[in-house]
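The following block contains the structure, expressed as structure tokens.
Chain lettering (A, B, C and D) follows the sequence in which the chains are written, and residue indices restart at 1 in each chain.
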Amino acid sequence: VVTAEHAIDSLIEAARWMSARGLLPATSGNLSARLSETHAVITASGVDKGSLRPQDFIVLELHEPPRPGTSAETPLHLRLYRDDADVGAVLHGHSMVSTLMSQRGEREGGLRLHGYELQKAFAGVGTHDVTVEVPVVPNGQDVEALAGIVATRLASRASGVVHAPCYLLAGHGFYGWGRTVADARRHVEALDFLLGCELEKARMRP
Amino acid sequence: VVTAEHAIDSLIEAARWMSARGLLPATSGNLSARLSETHAVITASGVDKGSLRPQDFIVLELHEPPRPGTSAETPLHLRLYRDDADVGAVLHGHSMVSTLMSQRGEREGGLRLHGYELQKAFAGVGTHDVTVEVPVVPNGQDVEALAGIVATRLASRASGVVHAPCYLLAGHGFYGWGRTVADARRHVEALDFLLGCELEKARMRP
Amino acid sequence: VVTAEHAIDSLIEAARWMSARGLLPATSGNLSARLSETHAVITASGVDKGSLRPQDFIVLELHEPPRPGTSAETPLHLRLYRDDADVGAVLHGHSMVSTLMSQRGEREGGLRLHGYELQKAFAGVGTHDVTVEVPVVPNGQDVEALAGIVATRLASRASGVVHAPCYLLAGHGFYGWGRTVADARRHVEALDFLLGCELEKARMRP
Amino acid sequence: VVTAEHAIDSLIEAARWMSARGLLPATSGNLSARLSETHAVITASGVDKGSLRPQDFIVLELHEPPRPGTSAETPLHLRLYRDDADVGAVLHGHSMVSTLMSQRGEREGGLRLHGYELQKAFAGVGTHDVTVEVPVVPNGQDVEALAGIVATRLASRASGVVHAPCYLLAGHGFYGWGRTVADARRHVEALDFLLGCELEKARMRP
């Protein structure tokens, strides 16, 4: 159990960092943290994420429908908390890198990373010499339905690959999570770095 | 009716943000906000937009010719306020992204965006699954004539597309607007992100 | 006549801005300002340009050989002040953009810009519809000889083009100048923006 | 002999600068400085390098196996100090530029730089007209073995080239060093600039 004050402080700081990095453009994105087995806090809809205040957060009951005022994307957060008790924080943003790479990976349903030392920033990955997959799901405006599609995709892992603790919605952005806000932030930073490397490779002459 | 003090404070903050993002290079760009049905405030010509002070603004009468000391581009602001009572603020800047993409879109008279979640940052756009057009007009140094050409272009919308609340002058930069300074700023940020994605696609191998 | 204190303050602020923009990497670059018909101040060699102090400047006699402790590149500054009484400040830096574009323009002896509104940031340019040339000179370690080669190149202007108030040394960086430090800084910012646009065009698919 | 307090202050400041430049993503990287012929200080494992405190450093005995709590990469630091008494500081980070360029240079065992004025930022290089080689070594998770492979590679210099005071691990990042923390930082900044130029050339149309 985490106090709401501590969770909110961590999320405000993570949002400031994400905003400065261009991961939350035009008031987009949302951030949440688990408080207990049954509750979490999430950012309110439509506010500028670079300068959040404690009153910009809403308490969620994890096993109830989202309350009014929460972001339309709340069901995607709820599903991650419900399906995995180890998820303690979820960060959603829209970098250019994740927008572009998600569109490149949409047809294959995922992007594969291999040979990068920074893969080790993902919890559970101990070497550059493993293939890490970032699942990609088509975007949709029916968010309850989308949450189900995402859950199905996350549960289906190809043999010989490890899933990164994150996924992409095509043309939309990334969801990343971890046991703590600090872990989720490290995962999001590594994801943006590694997808940025892949984007650069798509630019270079062979 | 908005007080001049409040409008100026919002514009100073928006200019600081635009300047830090590289949208106002080399003292370029200008920002304005509507005060009433008949008046607006606009930045004076030639000052560094990253550190504006209240004395760097000039009050405009919307239905009179521009006063001395205002930017040469003032007629482009005036025309937007005159033609649409819902325009409450206009932000003009020169990012590299808008300069380059405007040149790519000049022959077609516009750039089309489709499939991006961030399109929803534009007022009136509720889904990624619609085509949003950003009108592009050739640049010109006769600004009164240019204002008329822009107005004609904005009034002409192809079927099946929605216009973004912004346009580009080729090789020059962007104009973006909204009901409030905050809305205009969100539109400008989304425009720069989305044009940046399109520019990246022009760089990548297919 | 400008007081040394005022000139140094302006250069410290310009260096901080250039450093934050990546124009002075690895203690490179140097900045100077004219004090009178016979004297100027210039940054000392080898110091970090992001945090200059008044004691990091040296007074130069414009018509004498450079004093010990001044940068090896001092003759390039002196020559500009001697050849044009309107030169009041000279800023030299090493952006990636100017390094790369200077190598692309070396064989032709210059880079030509056309159709950009931001060309108007250069003193004496009033329209996007003119061709502006940025002279490019091969790099060399004999700086006295190099100063003469630069002067000859600057004096030779092709018909139908305007020279920008700046030049590039191939694989090295840019020199930009103006009547005041503020003018020189505006020229350097516009140069980096416009060369950045040209570099992007070299990246894009046609 | 350098006091531990002074060495740690310099490393904290260097880490803040590297972090702001994106050279230490996702808590990666490590920094060290020599205290004497027999001792050095190094950053502890897993902490955020943008906000280091004095208690985040560990004293190393240069000729002993690494102590518990030190980074897994400590043997790579130790080997540099043992093999060259002039090495006073070692900075290791993971920029996107060095990750990508190291993969491009892996097969050849190095990257060659020529014709850049900024090469002169490397100690011992006095002209753009020399070929500077940055050695590249395949990555590995057995760090003691890797330290030996690196040492062998550094000792083998092709004729006609100068080695930069740095090397790359493929898909991993850079190691840079110097007599002082300031020298090592200048070398790392120049390396990132020059590899960035080479990466841009791989993007451009010929």
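Convention: a contact is a pair of C-beta atoms (placed from the backbone, for glycine too) under 8 Å apart; a residue touches a chain by one contact, two chains touch by 3 or more.
From a predicted model like this one, the values you see are computed outputs, not experimental measurements.
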Task = Please indicate which chain is farthest from chain A, where distance is taken between mean Cα coordinates of the chains.
result = C
Ask   = chain C and chain B are one sequence twice: same or different residues at the contact, by the over-half rule?
value = different
Whole-Å separation of chain centres (CA-atom averages), chain A against chain C = 45
Key: Centroid distance [mean C-alpha coordinates] between chain D and chain A, Å   = 32
Task = Would you please write down the residue numbers of chain C that are in contact with two or more other chains?
result = 203
Task = Take each protein chain as a node, join two nodes whenever their chains touch, and name the resulting shape: line, ring, star, complete or other.
result = ring
Ask   = In their complex, what parts of chain A are in touch with chain D?
value = 115-118, 121, 126-129, 186-187, 189-190, 193, 196-197, 200-201, 203-205
Ask   = Which residues, counting only chain A, touch chain B once they are in their complex?
value = 25-28, 94, 96, 99-100, 103, 139, 141, 169-173, 199, 202-203
